[in-house]
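Got a structure for you, written out below as structure tokens; questions coming shortly.
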Amino acid sequence: MEELKYITIFGFFHSLTYLVFSLGFSLVFGVARLPNLSYGALYVFTGYVTYTLLSQMGLDVILAIAASILLTAAISLLIGEFAIKPAIKFPVSVFITTMAVAYIFEEYFRIQMGLRPVTLPLYPGTTVLIDVPVSNHWFLVGIISSIMILALLLFLFKTNTGRAVRAVAENWEESMRLGINPLRVLRTTFIISGVYAALTGILLTPLKALTPSGGWTPLFTAFAVVVMGGIGNVLGTVAASFIYGFTEQLIIYTLGGGIARVVPLILIVLVLIIRPHGLFGRGE
Amino acid sequence: MVEVSKLVFAKPSKVSKVRKILPFLTVVSIYLTLPAIGLRGFWIDVLTRVNIFLLITLSLDLYSGTTFYLNLGVPFTVGVSAYTLALLNRYLGVPVEYSILPSAITSTIFSFTIFIPSLRVRGAYFSILSLLLPIILAGLVTSQPFSLYLGGEGGISYFPLFFSYARALPAGERVFFLQASHFYLSAAVAIVAYIICYKIAYSDFGFMMRSIGQDELLAEATGINTFRVKLIGFIASSFLSALAGALYAAMRPPITADIFVPANTLVPPLTAVILGGMGTIVGPAIANYLTLIIYEILWGVLGSWRIILYMCLLIVLVLLRPQGLIYYLYLKMKQVFSVRIFKHLGGV
Amino acid sequence: MDKILICDSITKRFGGLIAVSRVSVEVSRGELLGLIGPNGSGKTTLINLISGVLEPDEGRVLFEGRDITKLKPHARVALGISRIFQGMRVYPYLPVYYNIELSARSVFKDARLARSKTIWALTTTKLLAESAELPVNLTPYKLKMVELARALVTNPKLVLLDEPFAGLSPEEVGEVIKIVRKLNESGIAFIIVEHKLRYLMKLVERVVVLNEGRKIFDGSPSEAMNSEEVSRVYLGVM
């Protein structure tokens, strides 16, 4: 019973962060139809940049965060423009380029920062929620995540650019006939996905220590969520990340953290067996 | 028929066939005499390693190079096979000489069981699933409770292949005996694997795999059972990787989670495949020796930076000449194909 | 009359959109059937449903009395349904010969038989001289011939042609028609989707008209020309 409380509370918070992270990934995946394998590296990149700015250059917190978000968005745009866009006609090359970028970051941080885990300052204080002590940082994470999710949903469903993004994700050729430039839409999604990766990086690094190879697990989580929700299906992604978050916490509290690494793998394989186009996908 | 008679060229005679494989034979025989004419120490070890990696390169090229389904999970197949061999030795006491094939088969079965669902669907699923597997497994091997049984960070240690024979020799000859026997075994396997891969890649089955790479929907709609072709191709390719893993583990104890790290077991073969020209078998095989020997040399000069260098090389290769790569592929194919087609027409 | 293909009120939805709604079509052995309708009327979806690229949400597809609704495209090819895609769809980096032989090889397990069928298909479509060429070096007409040869090589009883005349000159269209007629005389049935009604109406024996996913007409070409509903759908195109 005690565990159920933990699972509910932390499952909820984790689901929110997974949702934010997956939305950024799913935008590019939905529009380009190809995954950005360096998306996890962006998460790590933000963490290390913020760490460097804060503890080594002694910048103000807000300033450091703003600077690292901008920098990550810029890097995301660069990756998109130089590693994804030129290769989009030949999917194999997108896998190779984005994977290579991810490993370049990983090796670079391994050389420069070493293998010792790095962390960022936590938002101070603890609140007791139904007998469970929860760090105030989780509430901060919850609030900012919710704002970001709402902002993205508003953007996608209420603005013209957002509608264009959805149209391209739905059907690339058809959207071109409607006068939308898919490549410009793609550029927008690179920037947005950079911002979302950066924000999750800054929010989660204080809670989970950062290592050079720490980007893969979030990437796989995002992929599992997007596959479950159906590629390019925003509402499916929302539902899938909650399923994922609660399942993962359930397994951590019942079977232990080691085995929880396999969760994304099992979920992806299960979804591929049962419903290859996502639990909420519409098929081809 | 006038058109046919215009096309039917003289069948390649026996002499020209021998002449065709003469360069291959020469290179192979010179290569095989290297240890006899004085190659010792570090370099013979490097060449053994490169021989084993040829299997991985061929495996990548045979499946990913033809179907364009990028298999980033090569370290998984290699690693599972290596760990199977090590575990068989540790828990059942099976000498590594006897467990190479069983380990390779076990790992192949593992791989295709996990990948079957993703082979059924088109698109990015296969590649991402394959990317995820080795990283998850590397994490598992070093984390509780699995690390207790799998040796954790230190890995699993055992006697290398042919050690029981080496023990009978005088102390001064043991090292060279092990090195030379490993070199010749790996070279023999590599040569056989190369010939088989070449035959498969340019057989009707190889062309079916290519058709999937070029237009999978079309292949399916014009009668090719794409799932079956992908499955068989994948099994063949996995077996090569698995064999490489088992051989590597047998010759290079102890085995650690490093084998799952893509920088060790994926980056050099992938670079070789891209550099050599996807699906051509010949190109990647040559590139395999180039990239891996340079990778070894750079280890002393650049350390971990060599991984970054190879990654940059990969990006530049893929990006600056995407058409160039395909064009290269096309030129290569045109020569090879025309010979084969005329042979076919002549046979009717 | 001997029905080779029966589509029994099949429906296909994409999300909220109904692409094909309760359409029933029957094709007799050796018949030439035209399938027409304005853009987005569900013609290509219907072809996809018959060839197996899509699976219907409702209804059944019967081929020679056998239920093939759940069959994969490649299995339908083996039974005798071939298709040609809209546009020029060939393997860009395989020579003409292999473009055709691969289909033969996947249906006939005997390599010699597959080879001789390929040669026959190349001869029928007058492609022998180009058999070693890559598709990039061919004219649109020759590419169409490659696709036709590929459809023929698997011994089809029914061939689905999706816009076979698009991008061809009048003389080339005439050539295609000649080949289709010749094959039809040997007993192969055709379903032809085409916008160039001038040529189509002279070729086919019967037309089915689709509009917004519904079948609105089924009869001879001359009746179709005079049908009020058909001309209303086409808004004076004819």
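Every chain is named by a letter (A, B and C) in the order it is written, and numbering of its residues begins at 1.
Simple rule for what comes next: a contact is a pair of C-beta atoms (placed from the backbone, for glycine too) under 8 Å apart; a residue touches a chain by one contact, two chains touch by 3 or more.
Note that this is a predicted model, so its numbers are computed, not measured.
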**Q.** Centre-most chain [mean C-alpha coordinates]
**A.** B
(Q) Using C-alpha centres only, name the chain that sits farthest from chain A. (A) C
Q: Report the inter-chain centroid distance for chain A and chain B in whole angstrom, where each centroid is the mean of the CA atoms.
A: 33
**Q.** Intercentroid distance (Cα basis), chain C paired with chain A, Å
**A.** 45
Q.
Rounded to a whole Å, what is the gap between the Cα centroids of chain B and chain C?
A. 42
**Q.** Shared interface positions of chain B, touching two or more other chains
**A.** 326
Q) Using the touch rule from the top of the page, what residues of chain C touch 2 or more other chains? A) none
Q | Interfacial residue positions of chain B with respect to chain A in the complex | A | 64, 68, 70, 72, 114, 117-118, 120-121, 123-125, 127-129, 131-133, 135-136, 139-140, 143-146, 262-263, 267, 270, 274, 278, 303-305, 307-308, 311-312, 314-315, 318-319, 322, 326
Q: Spell out the residues on chain B that touch chain C in their complex, using ranges where they run on.
A: 1, 3-4, 6-7, 204, 207-208, 210-211, 214-215, 217-227, 326, 329-330, 333-334, 337-338, 341-342, 344-345, 347-348
Q. Can you list the residues on chain C that touch chain B in the complex?
A. 51-53, 72-75, 77-78, 82-83, 85, 89-95, 97-98, 101-103, 105-107, 111, 115-116, 119, 123, 128-129, 131-132, 134, 150-151, 154
**Q.** Touching residues on chain A, where the partner in the complex is chain B
**A.** 29, 33-35, 37, 82-83, 86-87, 89-93, 95-97, 99-101, 103-104, 107-108, 110-111, 213, 216, 220, 223, 227, 256-258, 261-262, 264-265, 268-269, 272-273, 276-277
